[in-house]
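You will see chain A twice below: alongside chain B first, and alongside chain C after that.
So, the complex of A and B:
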């Protein structure tokens, strides 16, 4: 038996909505409501477009609705629908309004743009051209490079792992007390996207050094300029990339 | 007399622009030439720094209690740019259509081209009027910036006026001689006038692009903004050519969409079958040109963005990873809507022919692929989270959706979206044809193989180079992805041409047999383009942040801050509504007395 178009429409939209809710219900990793809203607008629009692409299909889709409104034989059903629909709308509106003091969703720039130049350790840096001075040892002197990475690891576990975690996954001891959470370095979507000069700027200047653009700044990262030397920062950066198996971003033009 | 009013208005507009640019206008900013004049607010001029960019203070900007200076300049600039795009875009479209008409010897093309150059005449007048308005508010509220730019670009301003006069002369000749030069060598001469009109119009855009791109990637000046004397260096700055190419291609796409909207407007108000058929055909042809021009646009966009990154990492990250990244999500949604609308129009077009029914079952599969691509296309990397969601996810990234937020996923999705939109077009094209060549099944198999291989290659390039290779290849891999898409489209079209050469018709093909709802898809395409131009134009200009001329001349006005995304989107949206209302007014004005070719 072939389902009526309107029933198909309701089932498709309902099933997709259910699927979008699945990661949150079964895996504890919800797809944010803001994103589900965007997805559902698209799904509803697409299904409507497909179902109205021919006159016959359009007619079949809207026939039950038209009949509900116009057919005298459906007066009883019509009255029920007209009574229940506002009640459902009211219930949804009440549900949304009664949530009370929930803070609004946050819009935040994860990768704020770095300044072109900065001053640290008593001298200016051009971030656009800045490179990790220890990186060349990776090719020139492998043993020395390994020792830098090992020193970087030691510095990391003395200073950074409390928040960024012993697996560099952003789940350190203090991470749960911070909002936003510290960034994980594992995966392909954080430091793998960034040049070492960018990471250097974020470590050295921390949250207080974030630009006004995109503000107010929202980062609990301390400025390490007064606590670590320049060389120590570069060593930690070597360790971050080495441990996670990532490569720092390079600029094609310079290659 | 009435017919001379648009011409007189344009002459008046030109005079006003010349007046505005002459140094007698707004004397407060231009008084006192010579050493030290570029240093404002009583600061002593350092020796040898007489031509460096001025260092301004808040007092150097005229205040207004009536309007916010930035919003006034923003709105005037946006209106002028939209109309400028209209009048640059439509003549390109018109000349292409006239040329097709000559080659095909089909009167319908000539009629359509004429009808639309007629519509453009009113738009030219409005372009000039908004241009004057833009110039006036710019000089009124930012006199020192204008003085600095003029000190470098003065020769190009005269070039601008020269092209302006040439364009107007060519336009008047092109329009007035249309019916006199209808055949033979006269028609070719007329086409040449049209080409001259487009060359002058494009040259105007290139000159203006030099000023705009100089403000983003200044060249030919030293670190303090002092002009070094080589005007070509200032014109030929890093972003000039990418911007020229991007705007040129986008103009063709935009011109097609405007013509499409006009056709849809006239289709919906048609009272006879003949009129409906004509405007249905016009809308289809216009859309074909528009979507065709849209295909290579990502190439130009990548080039422009790559050059922005290459010029300044700071501007690049501000653009795509910083505060403006959210506007790119809006951009993604609008472009997705544009693709859906284009597909929908083609799906509805299957009803024009009896044979179209054979392909309607495939619509749902194409829609599925377009929707999946669209979902990837607009999934953000950094999510908008409620506190409980952030707590459950343990950060701002989603563990499963996070990779979809990166550019390789977006590039893959948009290429697949392009290919499936092309598939809609292919089905539409063959809807009413029955191939007669014996090897047709093999040809179709070859098309299917090319199409499948292209998708596999696009996915491989996106996944491997996007996530498992050095980041230096990540952006670069987008070029072979687009190249794969274009190759697949061209190869399939060539095979299609030979398969259906001499094909039989499956049934009666009737222009005008289109549901009215399909025409709203065309409107949606035009509105999407307009909105996109406003939003992305704002982003492009705003990544300079607190600089008039990036890294050279600071903006010290009270408006030297980046407005919130919501505010910016509202300004652009209000502008879009006003512009579209004016476009509808132009359509109404043009159709009022009938735009019949024979009148």
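So, the complex of A and C:
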């Protein structure tokens, strides 16, 4: 049997709304309400357009609603609906009026394009070709590499973990008080997508070094240039990749 | 026959090893995840330890704070260990946090499986030679429901027994300086903020703390018959119910809160009082300043609440926060309670000097300066323009401030000129605003303070009408539309 048109309409709109809400409920990465509102307006309009393309389908879509009002046998259901609807409207109006506006959505690029060059520790760096000078020990001298990672861990836990967390998941002791939240290093969608030179730039120049699209005014990330030595930064970076089991992204080698 | 015997022995051995966890297997888990704070040998002296408040547990002592076995039983139950390691069930906590609230101990449930957890528990027990508990956990079945009567009885007992440390209103403003068994400074919990309770804030969790105590600290067991402060089982439930009722939900920061400044006619209030009832509090988490210069790693202040009023020329902020001490340098009782030298308590409000692209929230920069209003509890008031952390200049622009302190709550009213660009004719404009606080009895001075990032302040409200009026209007309009529709349908019928 076929579902009534009205039920189809409700299911389609409901499922899409559910999908838009999913990232917020299950992943903790909500889509801004204002954006969801815009999408839903478009979706409701589109579905209505399709469903009312012919007179019959329009008639079919609205028949149950009309029957509710016109069919005397449905008086009981109608009374309930007529009593509940104004209350829902009142509830929504109360919510809208007491909200007084949401904070302006700040669209922020989490990984903005780095400058091609930067100057730090009194010398210039070409970010496009920069490599972690300690990385080669991974293949050449495993013991030395392990000691670098261990030193990196110590530096991380003396400087970074208050915000970026014990588990490198971006949920440190003070993370909840910061906006934007500190970045995680765990998972395949974090530092595995970045080259070590990019991570080096983000650590050394911090929030204040971000370009405008990165939201430098809000970032609590210090510029570590004056606090950690160049070698310490590279060691921390070794630790970040090692602990999380991620591999840095590498430039394709020219053959 | 012999092979069968060996086989059975191995089976039995591995079965017991599985049930109680394997010390050898626990060691690598500990080394990877625990040692950075708790130390190589478990003595609570990892590289991070010196920056942590509360300090990480010293496992060699075998003293655990959050347990449900009786006060005269040293060992926590395995269930207690699992909770301490994997995290407390989500209850009244802060977003994204699944471990012990207000500490650096996260919940490890997403990293450690059941077996890893068992193994690491066996390893931890081995560090202090802790045996399995001989006594079963205390009975946690709710015995006294949180009725009005129970809460009233609890309040009476609280005043007699608990207020010395936790303060008359439970805001952590006790009259006693506390330290743990190792001599580290501890501050009594602010009981109006249940989201800062380490190990759960339901009456049953509070009952457990009252009954067992918090080992290693000055929070005693009130079930100990030797104690001068012994309470009966029912009395402990009454106190638990009362403490749970102290929750002040407005103090818990919400996500993406916007401060709604309310328009008033006539002059703005100079001090706290009934005029402020028109506006609602918005609350924000405080984090210690660990970015630049002298940093603070042991904050005492957890959140700040703000109300704002404005008229055509001026804007006023009521800033409220719980502070365990009124830090008056030189005052005898302040010196008694203070952790080291007493500095002045203080508060600051920060705005961008001009609207447009936001300045850096940490005191701006040369190209994008910020304005800061600053108050201290000796009456100092300053208006500052800052172009970076140490580049400040006093300006005179008619800012006044007045503060008061009562029973663990500090309120400060700032009043200053309203910038015209904050108000556009019709549109809502969001003004970035940030706050910083100093608790002088906690060594906070200069760069050592707590703070918020940029928040949004919107000037409006007042003229928009009450939300109740809007709700009533919507109900009436929808109902009339329904009646019209019904009448139309009836007409068509005829």
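Convention: the second predicted complex is superposed on the first by the 152 of 255 C-alpha atoms of A that agree within 3 Å, B and C clash if a C-alpha of one lies under 4 Å from a C-alpha of the other, contacts with A are read in each partner's own complex, and residues count from 1 in each chain.
Just so we're on the same page, a contact is a pair of C-beta atoms (placed from the backbone, for glycine too) under 8 Å apart; a residue touches a chain by one contact, two chains touch by 3 or more.
Only a predicted model underlies this, so the values are computations on that prediction, with no experimental measurement involved.
When the shared chain is aligned, chain B comes close enough to touch A:46, but chain C does not.
In the superposed model, A:58 lies in contact with chain B only, and not with chain C. In the superposition on chain A, A:86 contacts chain C only, with no contact to chain B. Comparing chain B with chain C, the partner in contact with more residues of chain A is B. In the superposition on chain A, A:179 contacts both chain B and chain C.
In the superposed model, A:153 lies in contact with chain C only, and not with chain B. By the document's definition of touching, both partners, chain B and chain C, reach A:171.
By the touch criterion defined above, A:208 reaches chain C but does not reach chain B. After overlaying the two complexes on the shared chain, residue contacts for A:97 are found with chain C alone; chain B is out of touch.
In the superposition on chain A, no contact is made by A:77 with either chain B or chain C.
The interface of chain A with chain B overlaps its interface with chain C at residues 28, 102-104, 171, 175, 179, 181, 212.
Per the touch definition, chain B reaches chain A in the complex via residues 309-310, 312-315, 317-318, 321-323, 325-326, 333, 336, 340, 343-344, 347-348, 350-351, 360, 363-364, 367, 370-371, 374-375, 378-387, 389-390, 392-403, 405-406, 467, 470-472, 475-476, 515, 517, 545, 551, 561-562, 565. If you check the complex, the residues on chain A that touch chain C are 28, 66, 69-70, 82, 85-87, 89-94, 96-98, 100-104, 153-154, 156-158, 161-163, 165-167, 169, 171-179, 181, 207-208, 212, 216-218, 220, 222.
Across the interface of their complex, chain A is touched by residues 33, 36-37, 46-48, 51, 94-97, 103-106, 108, 110-111, 256, 258, 260, 284-288, 290-292, 297, 357-362, 365, 368, 428, 430, 432, 452-456, 458, 460-461, 464-479, 482, 485-486, 489, 492-493 of chain C.
Across the complex, chain B is touched by residues 23-24, 28-35, 38-39, 42-43, 45-47, 49-50, 52-55, 58, 102-116, 127-128, 170-171, 175, 179-181, 183-184, 187-189, 192-193, 195, 198, 212-214, 247-253, 255 of chain A.
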